[in-house]
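Two complexes follow with chain A in common, the first pairing it with chain B and the second with chain C.
Take a look at the complex of A and B:
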């Protein structure tokens, strides 16, 4: 049996690698611990050990050869047969805030992790919008360009 | 509005502000130019309270400390109102508020601008120490305390000096001093939310009402815990000092409450543990340049600068620009909270630093 914090750092690092967000941005959602606990509740320790061993390998590879690490990710983490689609489950968890029991099967078979996971889902900042009913951008904000576009000179 | 002004003018203390007495009480405010400089300081004081209030506010975890959250939020909203009211007064006498300049942005920990340097204000999480500092900021002036244009003991005494100077220079200047471009004035169409009211200032009575609104919301009417919102047709509300005292004491005031006695109304839950454990006085200098926390902090500061730019333009001839500031204010909140969820060191988290960046 693994202890409750083993793989925590790897989880954060592979989450960043799989979502394209920086670890510090993922920490800023306040969801890292919640999602890590969700993994531990839904996946057996043996399967987690295997997944994180592969994750450590890919992350180490990425230090020296990013392209090779990407190829390895596609072939070893993204296939339907890879760790029962755990890589996809992690991506969906971060982007949608839901746990998909079988992401390769019925797409409706998911549960909302908690209320905060809706608010902090990465799909909102990715689309430069906000979760309806939460993180409201203020009265009249619809009349101006999204803040980040204006502030940080992002080219659309 | 007119009724309020008449009521104010009817009050004894304003009747007594005849030319000679006002001149004596202006203290070192020696010219209209100097008066404008003091109003700029007033704007800076109002603004300097906001980063500490907002930092404590945003450190409260979602769904906890509902009373304290609403209290600090309502105070912060009114400080924003006071800042814009002070801009209106400065614009009314032909000044130009300078909001987006380096010297406008305070450094924390530090003293409030032009104060007597008796207490230090920092950026900290919601805590008993933070509430004690907030009580210092909003401390009511003692009855009969002198007007103080510099090295003030209380914000009320500083505004008192400004009020006397406005009266004096308006009397002795041919044509008066309220000659500013009226199109620079912001009113309730440009700002909403929070207690009190934003209104245009283009003569002495309105300037006096503006100052009284600022003071009564902050420190209370001279011998009462209540502010003047009731006169503005709003719900009865207590002044900032007493609001913070409710948090400190964990109890509400009753309608019979007085400044001399602690609040004795219903209990309120205050839980200082349901707070992000932010390391005090965050600064971008704490992080190696280019590091992830450095970048997050830099993005926060850039958003803060964009907000100050927006407000600066709004009070310098483009009132519509204040609408653009709204989403920036919300974005600052979300970025501040994200920083306070991010581990920094020794079990503490990062936080918003409110620093000047180009």
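Take a look at the complex of A and C:
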């Protein structure tokens, strides 16, 4: 059985690789520990070990050959046959804040992880906005283009 | 429980009930209010009020599938309709409503303290003068027993109470100009700023000529008056609506002071401006959006008794007479238990203010006020045809209130003889309504297309901010067969009746969908909007006309089940909103509206409630 912090660094790194967000941005949501725990609650340790081993391999490859790492990700993490769609589950968890029990089978079978996972779902900043009902940008802000610091394509 | 005889018993604490409670108690009358929902929602102490409201917000965050009633408690003893229960195939009885069809009725309301104003959007355009004469002008539906001019002073009271932000001078369109408001009239607050997306739209839409059945219409885009807080208009001089015993009338009194913005019920310094939460439906976290609890808290507490967890179940008539003798209500302790204790509320005058659905149900259950056989009939809603697409540039939706600009061009015209008029709000919230975006964009990209990493992020960032959505909210004409009935077969947890609905969209409505889509196509073309609209035969409320299919959606504008009219044989209430059959029973709310017009109905209904309050006060004083 894995202990509670094993693979944590790999989880953060592969989350960044799969979501297109920098690790510091993911840490800024405050959700890394919650989502890591969600994985451990829903996926067996044996499957997690195998998934993170493949993740480590891809992340290492990405250091030297990004395109090859992308190809490997597509074939080994993003197939429905890959780890029961765990790669997709991780991306959906970050972007939507919900745990999809069976994304490639029944995409409607999802559960809100908690209130904060709604507020921190990445789909909102990705869409140049904020989650409805939280992080309100202030009176009249909607009358102009959204004000944001562009971190996309910036290497931190 | 209560043996006290009140001046007025009011059933329901939504905006109509709250306006009555405020006006009547401030005029010195003793009022008892019955509310079916939970006590916590009625909290008058700031701390409890705040805690309860935060529990609503938490429930909204935590719920997986978010809908209009999501933030509010579901209780078996006073069920609310859920739009999530709507199914394509009728008949079905799986939700609170029993849907006999042929089409499912697709709108909901909320049974809780504050009523549906907790989740309403807050758009408050007035009706047009011609809306009150549909039979005379267009040979459709019925005329109202009152005209626009009769309602004008009450519209001003409603706009004062709700706290309307808007720009009178920009309210220009068919049958609508400065003269609808009077020469010097202004709204209490300046308009809510129009969105960035609106400005993108306006560039190619304002002044656009579109053709429809050989006629040319010039489209214009104007700001939407809204019941949400903005900057006070320094020219606004009304303070409050006050009963004047000498003239036996309600009057808006003037003041030298500027309009005072009404913030959250728990703290007046919260919500003094709309903060751009972009979640007006289902919940404004700061209560910058008006809700009825704001009005209720202005009532004279010393004259008002409120009983919560009290579900009105029967209107009792004096034996051998026609006067109402009391309202039997079922008081529950545990909101999901079948146990209750029956009580009778007694007053001189009784008012049902518990929504078009519940009012009709209660009247039918009691077999009262129905000599016309009109109770429950003429159920109406705006049938909303949505069209959506991608703008050629980012409009940055999912920001600001749901609608800040609308197109009034097809609200009135000769075409109303042939097909329904509509109002076209430009929606600020992307494709969230028709496609559950942006979540569905994510699942589509990840699950179906196996996208990941920076490619996924840039794909979503390129597309979602270009999403745009236009509404065509078509005025449903009254039809006697669109109705609510009750049946012994269908009861709820407390042995009260569930609403049984029969509903359809007439040819008059279907023609308007075709016309609206034709107009949408021209507007989209002028804006280079890539049309992504899909109407699927498997959806609820999918209908066809002239070989094309259309899906309409409910607007939550539930209207017309106990209509007002000029004769006892054809209507349930008279022009004062008193039932023809019972001299001490009034009905208030959207159920009184004989036709719908193209306005969101709450403002007009609130104006009518002021008129009803005035009639009730006159009647009380004449009996003294």
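Assume the second predicted complex is superposed on the first by the 148 of 156 C-alpha atoms of A that agree within 3 Å, B and C clash if a C-alpha of one lies under 4 Å from a C-alpha of the other, contacts with A are read in each partner's own complex, and residues count from 1 in each chain.
As a convention for this text, a residue touches a chain if its C-beta (ideal position, glycine included) is under 8 Å from a C-beta of that chain, and two chains touch if they have at least 3 such contacts.
None of these values were measured; they are calculated from a predicted model.
Enquirer: Give one word, clash or fit, describing how chain B and chain C relate on chain A after superposing.
Expert: In the arrangement built by aligning on chain A, the partners chain C and chain B fit side by side.
Enquirer: Using the touch definition from the top, say if A:24 reaches chain B (first), chain C (second), both or neither.
Expert: After superposing on A, A:24 lies in contact with chain B but is clear of chain C.
Enquirer: Between chain B (first) and chain C (second), which does A:78 come into contact with in this model arrangement: first, second, both, or neither?
Expert: second
Enquirer: In the overlaid three-chain picture, which partner chain does A:5 touch, first (chain B) or second (chain C), both, or neither?
Expert: It touches nothing on chain B or chain C.
Enquirer: According to the stated criteria, A:33 is in contact with first (chain B), second (chain C), both, or neither; which is it?
Expert: neither
Enquirer: Applying the document's definition of touching, compare chain B and chain C: which contacts more of chain A?
Expert: Between chain B and chain C, C touches the greater number of residues in chain A.
Enquirer: Once the shared chain is lined up, is A:138 touching chain B (first), chain C (second), both, or neither of them?
Expert: Both partners, chain B and chain C.
Enquirer: Rounded to the nearest angstrom, what is the minimum C-alpha distance from chain B to chain C in the superposition?
Expert: Between chain B and chain C, the minimum C-alpha distance equals 6 Å.
Enquirer: List the residues of chain A that touch chain B in one complex and chain C in the other.
Expert: Touching chain B in the first complex and chain C in the second, residues 116, 136-141, 143-144, 146, 152 of chain A appear in both lists.
Enquirer: Using the touch definition up top, name the residues of chain A that touch chain C in the complex.
Expert: 17-21, 70, 73-74, 77-79, 87-88, 91-92, 95-96, 98, 100, 103-104, 107, 110-112, 114-116, 118-119, 123-124, 126-130, 132-134, 136-146, 152-153
Enquirer: Per the contact definition, I'd like the list of chain C residues that touch chain A in the complex.
Expert: 57-58, 60-64, 193-196, 199, 230, 273-279, 283, 285-286, 394, 396-401, 404, 428-430, 438-439, 441-443, 446-447, 450, 452-458, 460-461, 464-465
Enquirer: Using the touch definition up top, name the residues of chain B that touch chain A in the complex.
Expert: So the residues of chain B in touch with chain A come to 62, 192, 292-293, 295-296, 299, 302-303, 306, 323-324, 326-331, 334, 338-339, 341-343.
Enquirer: Would you mind writing out the residues of chain A in touch with chain B in their complex?
Expert: Contacts found on chain A: 22-25, 27-30, 116, 135-141, 143-144, 146-148, 150-152.
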